[in-house]
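Listed next: structures, encoded as structure tokens.
Here chain A shows up in two complexes: once beside chain B, once beside chain C.
Right after this comes the complex of A and B.
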């Protein structure tokens, strides 16, 4: 059973991203969107946790990065920047979606 | 009623688009600027994200209100304190923020920076001096 985890809250304000990372198993995917995209910025404590998560694929929604002025070169290496159609595809590819609101 | 000038500080602690706090704060600051008080703004925690440059909301169907911060100088809102530790925790530096300036009427209208990066301890001291705090 593969799961797509979604996070839409800032990791600096809420524990949603931390909890997601603690529960995401190998083979699952994590998509950051809305204020969740702040978790994708290089050089933070959350970035270290993402680097340490093995076997989990990370994605971040490009339009929400742009809205917040986070340039693509600020995104942690290994996190794939995706568009809305890819968001839908990820939801369809995985067996279920678990939202960390 | 006496015409006593008070020190007003607006405390900004939220990221710009996930909630309405940032925008509401900006609106209240601009309205409040009509009252000739000694106004300053503090940006800490996720509030520092409000000032990040290059915001482009075209693909998320929301209004990009970040250019409005440029107007603060014209309303004599010229003291924007940004907390250094909050920037660092978020992988940001002053270079990631919009340059915001004002023209100093007491110094032959010289253009000066409105943003001042201060440490948490310095900001705590600045807060201590305030008469009124507005939290967003």
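Right after this comes the complex of A and C.
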């Protein structure tokens, strides 16, 4: 059973990303969107935690990066930048969707 | 894939309703089914036709109504949340002795059972909110 975890809060504002990382099992996916995209930026404490989460795929929503003026080259290597159709595809590919708010 | 969508936030306050709209639109355009969008808590404020944003801003309420019309989308506003926030249809107007109704096109007011049913009957329930 794979789960798509969605995180829409900055990890520097709330602890939902930390909770998500604690629960995300191998084979699951984590999508950062809305203010959650701040968790995808290089060189932060969260970036180290993402690197340490083995077997979990990470995604960030491109339109929300753009809306916040975060350039794609600022995103941690290995995090895939996706659009809304891919967000839908991720929700369909995984067995369930868990929103961390 | 059969999706159900839950929206917990009002328009112009939080990005959740914009995200939910973009997700729903992408799902429908991608050939998926969205069997219901359920508006809960402050999300019920997405369903008032009295909304009049500036002309150069997106009209979040009309955008939902138009999407529902195009795809025959079932958009349900939670009745208890709607009563608290003054979202009223013809039936609620009469039942509660009000002199006006304000439900936007293609929204309907119903109970929480509709969310439970959506959770059971859909293959994925995707929640947008704070």
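Convention: the second predicted complex is superposed on the first by the 101 of 101 C-alpha atoms of A that agree within 3 Å, B and C clash if a C-alpha of one lies under 4 Å from a C-alpha of the other, contacts with A are read in each partner's own complex, and residues count from 1 in each chain.
One rule holds for everything that comes next: contacts are C-beta pairs under 8 Å (C-beta built on N, C-alpha and C of every residue); 3 or more make two chains touch, one makes a residue touch a chain.
Everything numeric in this text was worked out from a predicted model, so none of it was measured.
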Clash or fit (per the criteria above) of chain B with chain C on chain A: fit
Contacts of A:87 with chain B and chain C, given as first, second, both or neither: second
Touching partner for A:56 - first (chain B), second (chain C), both, neither: neither
Contacts of A:101 with chain B and chain C, given as first, second, both or neither: second
Chain B, chain C and vertex chain A (Cα centres) - angle in steps of 10°: 80
Partner chain in contact with A:43 - chain B first, chain C second, else both or neither: first
Partner touching more residues of chain A, whether chain B or chain C: B
Which of chain B and chain C A:34 touches, first, second, both or neither: both
Which of chain B and chain C A:71 touches, first, second, both or neither: first
Minimum C-alpha separation between chain B and chain C after superposing on chain A, in Å: 5
Common interface positions of chain A, toward chain B and toward chain C: 8, 34-35, 63-64
Chain C residues touching chain A - in the complex, by the definition given at the top: 1, 3, 15-16, 19, 22-23, 25-27, 29-30, 32, 124-130
For the chain A and chain C complex, residues of the former touching the latter: 6, 8, 33-35, 63-64, 83-85, 87-89, 91-92, 96-97, 99, 101
Chain A residues touching chain B - in the complex, by the definition given at the top: 8-10, 12-13, 34-35, 38, 41-45, 47, 62-64, 66-71, 74
Touching residues (chain side chain B, partner chain A) in the complex: 14-18, 45-46, 49, 52-60, 62, 64, 66, 89-92, 96
